Each structure stands twice: as C-alpha cells, then as structure tokens.
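Please find the structures below.
Two complexes, one shared chain (chain A), two partners (chain B, chain C).
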Partner chain A sequence: MVNAYPRTLKDALTLRAEGRRPMGGGTDLMVRFRSAAGVLPRFQQSLVFLRGVDELKNLEERGDLIAIGAGVTLRELCESPLIPVVFKNIMGQMASFAIRSEATLAGNIGNASPAADSLPFLICRNASLVLTGQRGDRTVSVADFITGPGKTLLADDELIREILLPREEFTLSFHKKVGGRRSDAISKLSFLGEARREGNNLFDLRIAFGSVAPRIIRSEEGEALAREVFSRGGNTKDIEGFYEKLITPIDDQRSTAEYRKTVSLNLLRRFMEKLREQ
Partner chain B sequence: MDKIEFTLNGKQVSIEKDGTARLLDVLREDFSLIGVKEGCGEGECGACAVLIDGVIANSCIVPLGNAQGRSIVTIEGFSGTARYRVLEESFAECGAVQCGFCTPGMMIAAESLLNGNNSPSEAEIREGISGNLCRCTGYNMIAEAVALAAEKGKGLW
Partner chain C sequence: MRKDISRSIGKVDNREKSSGSAEYINDRSWEGEVHYALTLRSSIVKGKIINITFPSAREDVHIVDYRDVPGKNFVSILEDDWPVFAEDRVSYLGEPILLLCGPDRTVLEEYRSRIVVDYEEESPFLTLQDAVEKSDPIVSYTIDTGDYAGASEKAARTVKETFETGRQEQVYIEPQGVVAEYTEEGVVLTGSFQCPYYVKNAVINTLGWSGEKVRVIQAVTGGAFGGKEEFPSLISCQVAVASVKLKKTIKLIYNRHEDMEVTTKRHPSLISYEAALDGDNRILGVKMDVKLDGGATTGLSAVVLQRAMIASCGVYHFPAVLATGGVYLTNTVPSGAFRGFGAPQTFFAIEMFMNHLAAKVGEDPVAFKTKHLAKKGDATSTGGIYRDDILMAQMIEEVKKMSGYAEKYRLYSEKGNPRGIGMSLFLHGCGFTGSGEADHIKAKVYLERDEEGRVHILVSNVDMGQGFKTTMMKVVAHSLDIPLDQVVFNNPDTKYVPDSGPTVASRSTMIVGRLLVEACEKLQKETGPARVEANYSQPDYIKWDQDKMKGDAYPAFSWGVNVVEVEVDRDTWETTLLGAWSVHDVGKAIDDRIIRGQVDGGFLQGIGYGLWEKMELKEGRVQQATVTDYIIATASDFVTVENKLIDNPYALGPFGAKGAGELTLIGGAPAVAAAVEQALGAEVYRIPLVPEYLMELKKNG
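Coming up: the complex of A and B.
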C-alpha cells in the first residue's frame, strides 16, 4: 500500500479504512519510528497524511462549545482568542515554537501518552471528541477515549475529526507542570485544579493529575470530598489521603515514583490553599 | 514513491520519494542544502530548523509529505535577505558564534521570532530561542545578538 495525501475528508476516510495510519504533524510519529540519518523511518503501515484536508482546520464557537478541527496546530490554538488562557499557558509549555508550529492537538490526544500535557485540561473541562468513520460520526469524552498508555477507542476506520471544548468560566485555575529543561521537557508530573467560587459558595471544583498513573487521574469522589472539606473548613490531609491511593506513578528515567507522588500532593495542597485565599 | 511538490528557497520544486522521509534528509541529500544540520534527530535541539510558511519548524521530525504545497526556506535561502545581513552582523558583533553548529538554527529561530514580534523583550527572546541548543556560548551572547538585530533592523521586520 502507498501513502496517501487526500484533500477532502471523504477521501481521507476511504484511505483510512483501507488500513492507513493517520499522520498529523508527525512530531510523535517521526520520533517513535525514527531510524538512522538518511534512512527512512520504520513505519509498519502506510500513512494517510491529513495536513491537506481543509475540512479539518476549523476552529470556531458552536453554541456552548469551542470546536477544534483535528488539523489545528498548537501554535494556532495559542494564537486564537477563542482558547482559554489557562489552556494557552499549558500549550505554551509543550515543547518549543518549532514543534508547536507543526504539532496538532488531535495528535497529542491520539498519541495517548500518560504524559500528554493537553489531557489533564481536556479531561478537567469534560471535553469530547467527534470520531468519524465510514459508518458516520460518534462523540466520545476524552476521558473515555483514552483507555491506557498508547491505547484509545479509535476504530481502524476512524479519524478524530474535532475536539469539542465546553465554554466555562472558573474563578481559579491552578496549573503546574514539573519537567526538566523548560521547553522540551516531557512532564514528570502535572497538576490542574480549577474552581468557581463566589463569596462562600463553591459552585464547581475539579482536580486532575497527569503523568502519575497509566491514565489521567480525575475522580468525582475526590472532588466531592474536596468540596465538602472546603465547606466545613476541614483539613486537606483527608483529600491528600484520598488521592494518594490513586497516584500510582512509575520510576523511569524522568523521575522517581516517590518524587512524583510527593510533589503531586504538595500541588493539591497548594491549590486548596489558593482556593481558601480567594 | 510519492510525488511531493513545494517551494524551496523561492523556487518551485518536485521530488519523487517516500513521504515519510525526513525533510532534513531531503534538504541535505537531495537538494545539497547542508546549512541545515542534524544534532539530536528528535526535535530537541533546533540545529535542523527551517522556516515553513515563515514559521520555524524542526526538519528532522517533519515528514516530507507534510511539505506538500508549502514554502520551505533554509538558511541558504534566508542568507540572501537584508534581515539575514542584520542578524549576521549582530551575531558577529556580540560574539554569538563559536563553533557555529547551532548558528543556522539560531538565525532561523531569530527570524521566526522577529517576524511575529519585532521588538521582543529579553524574556521573549529567550523563549524564542529556547528550542535551540548551543553547547558553546551559554546563550547570553545570542540573546544579546537578537536584541541588537531587532534594534538595528528597525523597519525590516
């Protein structure tokens, strides 16, 4: 089979269904299948290059949602007035300008790395994906889509068509990425806490951890507990104790499990402090 | 074989080659543009940086197929411009070149930055070159050179 360069989504889907792997910006794929200088990367499959498909480049408001086409790059998102500042800051810490100009958000999701930096945000915001295949479209939440490291619900004939991000306002968004060298660092861990507090009323509270378990950690039970602890002015130790059980990091060349767990829980505490100070 | 057509340093070109080939290899081997360097080969050092549609990209991780229909400018193409001459002078004046291996990529990063922001702050300059590694200068001279170029090249960007 040969590589393909469709110009329309319809053609892209036909070519995909024939067994080709989607190629976005290639910033993950070209590193993963890299071989020696001057030698072709070792792809096991032919590719369908999505870059030429204009239908995937949409970026617009749609009712209560922001729709982000699969062909939109991180750079374009960082420059768009539609994208929440906290998400721009998160993307601004992903790789460097030279990568963000080619890398797509769909590729970051499709890669399904537990360290993918967009995921804690997308999962915190209840974002979903429109998957499109020969039998039509279906919508799946980002949280459900990613089933494990490198594993997703994407069927062999499907493409991510767009990412749907609900438009919501928070009074506090606290994000921290802990990595190595600033712009090329893959996360050792990341934390995102968001809340909407007005006076003493806490209307919403969300917590996500990245890179510290096979999947992004987000727990309704934990968030309910955190709201409850906040209302009664209780000790954050209870919440830390709850999340400590969910945080199951690995030791790898980037960091140790102990370090990841400790720093994650420190960030959670810091978020709860900030919420009280608000 | 895939047939890929794009603009290279202002000229329309066409090449028959597998679209998964690294743009870096195509530029160096098929078009003899050896100002594009290979450092890490994994997107982390910026030695292989080129401009794609005016914006910096690392050619070691750009598949040739993604160049289709776009405009690629390498340091060779950029060196014919007035902006390049200002950067060259500023790099020389500030002692921003030692072994020179990172320099083509640094100049591309500087061009991409100044193209979007013609009077960057020091922090913005450092951010703009943060994807480019230099093992010799310690970056201060390079950051100064970019600031000087922004100053000297007023009106060019």
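Coming up: the complex of A and C.
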C-alpha cells in the first residue's frame, strides 16, 4: 500500500479521485484499523494524508460565518479567539490534549459516529460543509451530510474542505457530556440546549442529543413545543414525552439504554429549569 | 548523626523513564534473526477440540503446540491445572492453543485468520453464581477462632448482609511481553516480570531441563500490580518451547486488547457477613463467608482466598470469628494476583458492614468502629497476636482533622444533600501468609563489593516503577555509610542473583530489605572485594498451622485510614471526587516521596475499583477490553491527596520499614462507597458504583 502526502489541494484531490481515503489526524482511522502489536494498521483502502495541505488550514471570519479549514486541529480551535466558548468547552472535553493536537474537526464529522462530540453543537448551530471535488464545490448542512452511523454524503472523489459556522449569540448554552471519565472518554450520551431569551421573550431555542440514536437528535417540532411550553409556563413533562420517542439508545459495553434515555431526559429538564431561572 | 533515611532523593530510574530512553521489552533489539509469535486462541468458552484445519504449510510460518512441550504441559504454580497449550479441550474463551512463529507478523496474522478449529461445545459456568449453585469449590478453608455459636446464642440481635465485587484489570503501562533466546548454554528469557524465579521454575518444569540451562532476565517493567506475578510464567513457557523447537529467538508481545481479554484479573467475590451484637451494641462475634471466582484455572486462587479470609475482622477485634471460604472455577478468563490479593474484596465488605451496623444501632460509624478497634496484645482473626503498637485511634483523629470529617459528615447527613464523606480503616499483613517465607520462599540475598569498592545488590526482586531500586540502594548506602553512587543494583538476572523471592505480598522492602541490612553488617567485617549472603529465618514466635488456619498469619501489619469526599449528580448519577485524605503507618518510610507515589497510585486504584472500573463478561467475553471502554481514572478525575505518615518502626524491618505496596489500595473502595452512600441516601452492597448502578439503586429504593 502506497500512501500519499500531497502539499496542495489540487494534488490531494487527484489522489482522492484515485480512490484513496482521506486521513486528517488519523486518530479515528489508526485506532479502527489497528492490528497485532508491532503490525501496521490494516487499512482497507490506500490513504491520502491531508496534514501537509496548507490550503486546508484556514481559520477565519467570513461575513456572518466562521470558516474552519479541514486541516485545523481541535487544539487549534480550542485556542482560537474566533470560536464560541461553548464549542471550545465541548472540544476541550474530547479525547485528551495529545489527541486534540492531531485530531481535526473535519475528521470528527467524517467519522460520522453517533457519539462524535462536535456534532450536536454543529447541528444545533446549523453549520454546513463545503465539499470539494474535481467537479467543483458544493455546500451541505452537517445535519444532512451525516446519513447514519459511519455514513455520509461524501462522494468518492470529494473531500471536506471547510466547515462553515454561523456566528450567533445565545443567552443560555447548556452542554453536558456524560462519559465514563473526564478525559479520553467516549460519550455515553450528550446534551446541548441553547436559547436566546430577553425578558419574557424567547427568540430562539435549540435542543440536540448525541449518542442516543443512530443520528444526532434535533427536531424542529420538539423545539417549537418547548418554546410553546415555556411561554405558557407549562410542564416540561410534555417536552420530555415528545423527545422520549426520538431517543432510541442501545445497551453496550459503555452504558445501558435505560440510563442513556433517563439521563438525557433529566438533562433536558435541567435545561428547561435553567431557562426559566434565567 | 546520619540524616533521616526518609528524606526523599530522586528515584534512580527517573532520568531513563522521563527521557524515554528506558527500553521496555518491545523496545529492545536482539541479535540474529527474530521470530515473532502470535497466539491462536479458543473461540469458544468450553468444549473439546475436535480438529484443527491449517492453511497449506508455509516455510515462514511454524506451528508450536502441546506436542512440542518436552517436559510438563502445565504452568507450575500451586496446582497443575493451567496448560501451557490446550491439548484436547478448552475451558475459557481465549485460552491459548498454539503459537504461530515466523519472521513476519503480518504473514502470521493472515495465516492465523485462516485456521479453522472445530469444537464440540459443552455447557459452561459463566458466572460465580452459576458455579456456586452447580459445583463444589476447588479449595476451601475455615477459620474458627473463639466460639461463634456461643456468641450468637448470647446475642441480643444478629445482622446479616451480602456483598459483591467485580473484576479489576491491572492496566500496567506496557502489555505482557517476553523474548526467548536460544543459545548454546540454554534458553534465555527476557521480559516484563515481577518474579524472575517463578518464570525460571515454570520454564524448567515445562522444558524438563536442569536449572543451569534456563536463564531469566527482567526487562524494564512499567507497572505490574500483580498482573506480572504468575501470568508471565505462562507465556515464558510458550516461547521457551518455541525457541527450543525452532532454535530461534522468539518474541511474543501482546497488544493492549489481547492483554485485556486474556490475562488475569482480580477475583470477583460474593461475601456474606453475620454479626452477633450484645445489648450494648458491641460485636460479640462475626461469621463470614467468601466465595471467589477463580476463572478457568486454580492459579494462585487458594492463597488469594486465604488473604481474603484472614482479613475477615478488618482492623477490629471480635471475640469470635467463624470464616469459611471457597474458590469456584468458572469458564472465564483466569483470576490471578492483583495488588491487595483478596484483601480489597473483604475490606469493602467489612467496612460497609460496619457502617451499616452502626446505622442500624443508631451510632456514628466512626465511633462504632473505634470502639471495636484491635489493640496491641489482642488476638488476630486467626488467633495470632498483634505484637506491635497499633496507632489507629491516633490516625483516625489525624485524618479527621485533615479532612474536616466530623463537620462535613454532619452537614452531609441532611436529607437531599448531594455530597457525602466516608472513612475506611484497613490493614495489610506484610509478607507471605503463614510460614510461606520460611517454608516456600527461603529468601537469600547476596551483597558483593568489587575491586573499585562498589557494592552490588544481588537479589531477584524487581523495580517495576514502585521505586524498589532506589529504596534498596538507600538501605545499603545508609547501612554501610557510603554514597549512593557506590551502590549498584541492576535488573535481576538469574545467572547472577540468588532467589530472594518474588516481588509480591508487600514483602520486598520488609523481608529482602532486612536481609540486605544483615548482609551489610557482614560485609562491614570484610575488607576489599568480598561477597556475603544472608538467608531468611522466621522469628521463633511466629507459629502457623496452615490446615487449621491458626496462629500468626503475618509477622507484621501496616495500617491505614482513608477519607473520601464526593458529590453525586442527581441528573446523571456521576460521582465527582471532592477530596481525598489518608494517614498510613508503614513502619518507617525509606523514602517519603516513594511512599507518596504508592499512596497516590494505590488510593486512586482503590477508588477506581470502587467507583469506575467495571469489567463485565458476556458469554465469556470481556466487554471492556480496551482502555477506551475500561474506565481507569485520568488525572482530571482525581484530586490531590493529602497524606500523612505516622512513624511506627518495626523491629525486624530495615530501618523500621514494613510493607506499603498493597496497603494503599485497600481503603479506596470502602471509603468512596461510604461517601457515595451518604450522598445518595441509600445503602450500597456492590462495587463498582457506576452511574448506571446508582440510578438503579435510587429507583428501586
């Protein structure tokens, strides 16, 4: 297997079109295809290693958006003044310092794991991706891009080129990652609730759950219901009842379905309480 | 006056470890052609091997199995029931059947993936419960001290509770690994070992060779925690057989996943306690029973069971003790040595039981425990005598002051307070149980002064990160009053070092260190180059009856008190540590910072055992077989431990030192469990206290 180390996006795309799989930091790929001690990982496909492509390392404001190049690492994002604090906190809880120094945001999205910790945020914020291929660029929302566990809309000749994050302000952002420990833990579940409230006016409310269904859960209907319940000072039980149907977790070696569901709903309740108290 | 030996110096291995220059077994290079070994393992839980179909033979793949074993095809431990290679049957998933050896690991892997083994499956025991219901224990003991029947007859009330503990994985830094070199003089085994002579004796047994032809060298070892006590003997026997057959250097290195799936774990246990209390709520006696899951082989289980039972009284004196226990075999990964060796299971149970009893009789748990503390001159659980000063009352006062225990305990008792604080009291018997040191180990050390006046420590005990080299070099330098750099302590090589016993059982500093002090006294009488030796002899007053489990089980005990403070999140049921405090009596620290290392690591490993470290088997397969899924804590999960050492020099220890290696783990689980109980307002009978379990506990009341 010959692996390739392009320096330009053009070369990267040529290599990609040859059927090579993109590799960012490799922190998912190297683990997924690991082999016996001392044996190289057993990749099923040749790779194109994107680290050397400077064109993918952009990180800048672009109008109402923040553009994040596919080559930017989680650590660089955690250290950048452009990135919202809530997102920095989310990324700061991913893996560990060493891994974050290699891992990219594009890789976290490309991996398309239901437990990927950046996804609830990106989906809550309506982030989108610029996909680039030999036929040119297209933009898709992160929510649409991920179609199932490990499944995406990425075409065989495409790369994620950048992530576009709208610049928005919220008055409340409540995020909770529940993992087995504080670092180097895969989420058992995660919750993100965000809202913009001024006095009694609720201008915006968004809710996302991670790791508790094949895809990140975000529902316009649920959010409308939550806004409505909030305005009439109703019981959060109704909202919980709604989301309970969407939350379809599994039992695995890290946790139980019952725990994942119960705690997700507890966190939703806590978010609504926080919103009231605001 | 010489300076206090406890004053810390830099560990002698600091530089090589922190610079990365230390060569662990997989980092070493070997002369000549190296053949790698991969293991073909049982893919079923229990059954007969009917047939093995191999892909067409290749010149670069060699098969080594039980038919190649020149001597005995079992690992020599206590019982002869651990096959080096499975013959016609397998008794757990992952049991080794054969080795594939060759120069290219990728080829070996590919070859292995095409081997087909046909089995005739049999119905297994998958859990301890299962085995207890349907089989007899393979070993059992009884401790009968005082008159429990009489005590329970006199009792105003009796209380009974049952506890359950799970597996624990050692997660040493580098996975298991060993290299066998075939030479003209015989076979040389180098690996990550705790007990070079265990390896040597096992290989002698399996090769059927004489001792001179088997040489064992310890490679740099990054932690072991008991996991490198008996398991390395198995893989060393395997590569020795391969090396002799193929006349090649054979290298066997596990990756983490394989290591976590097939190497020994801490014994799961079921422990029941019954206490007979008089009208004043004093315990007249206890009856306890321990059932241990030995996994698929006996291994060291019998000795682990003895420790678990001898710990039946905790740090207390009960006039009557009736303890029974048994080891049951299941078709699961073998249980084996793990720091604490049976004691952590029992201490979790006895400490929780004492807390619960206190609650039942309406007393403060610490006050209730304090009035039952063993004192100097009291009988031990096995009818021996506590001969040395016991400073527990003072240590409890100390830890209370350090942690603000009383105030917090009161505050957190209020209903609905999400915080809790818990205290555990514990001890650990130092050295081998009973007359093990005198009857089985018979430790011998050499000390040698060379031409240049440097003094060489020749013992078979190893530094595995715990600081043994530094500790022993200090002992020798202080005894001879020479600078530390005049003392040499290389990794043990059985060609040069005598058998001073294994590096286990909190024995090395106390027993081997003491022998080195004796050797120093002898060396001082010699001038110029000289070699002296010292041999262990048991103090006359120690009497032990192994069959009756009667007498002095240990020559000395180390003691400890832990306090842990937590908060339990009522939405996620996660437990956050807020504080950890400890006071220990290890006799005399040979080096304060090294003991501090034992305290930090042991305490966290004990808390992890109680709180996070869940290892379940499903159909015989380890579910949490990666460090991702098996939750050992990270630095960000822990707090800074405030620790205090109380000097209580032991007359027969070097400079007064007793054991410290295992002690520091034992109190972690019961302390954190007590804290969680308070935070939760519910009683706990099982560890680990993972959030899923806490949620269930609260829901079911």
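Please note the rule applied: the second predicted complex is superposed on the first by the 277 of 278 C-alpha atoms of A that agree within 3 Å, B and C clash if a C-alpha of one lies under 4 Å from a C-alpha of the other, contacts with A are read in each partner's own complex, and residues count from 1 in each chain.
One rule holds for everything that comes next: contacts are C-beta pairs under 8 Å (C-beta built on N, C-alpha and C of every residue); 3 or more make two chains touch, one makes a residue touch a chain.
Predicted, not measured: the structure shown is a model, and the values here were computed from it.
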Clash or fit, chain B versus chain C on superposed chain A: clash
Touching partner for A:85 - first (chain B), second (chain C), both, neither: neither
Chain B versus chain C as contact partner of A:41, first or second or both or neither: first
Partner chain in contact with A:101 - chain B first, chain C second, else both or neither: first
Partner chain in contact with A:3 - chain B first, chain C second, else both or neither: first
Touching partner for A:259 - first (chain B), second (chain C), both, neither: second
First, second, both or neither for A:27, with chain B first and chain C second: first
Common interface positions of chain A, toward chain B and toward chain C: 34, 37-38, 40, 96, 182-184
Of all residues in chain A, those that touch chain C in their complex: 34-40, 96, 176, 178, 180-186, 253-256, 258-259, 262-263, 266-267, 269-270
Parts of chain A lying in touch with chain B, wherever the complex brings them together: 2-3, 5, 23, 25-27, 29-31, 33-34, 37-38, 40-41, 43, 47, 49, 51-52, 75, 95-99, 101-102, 182-184
Interface residues, chain C side, partner chain A - complex: 26, 36, 38, 105-106, 108-109, 175, 177, 253-255, 257-258, 570-574, 612, 616, 623-624, 627-629, 631, 633-637, 690-692, 695
Complex interface listing, chain B residues touching chain A: 2, 18-22, 25, 29, 38, 41-44, 46, 49, 52, 55-58, 60-63, 65-66, 68-69, 109, 112-113, 127-128, 130-132
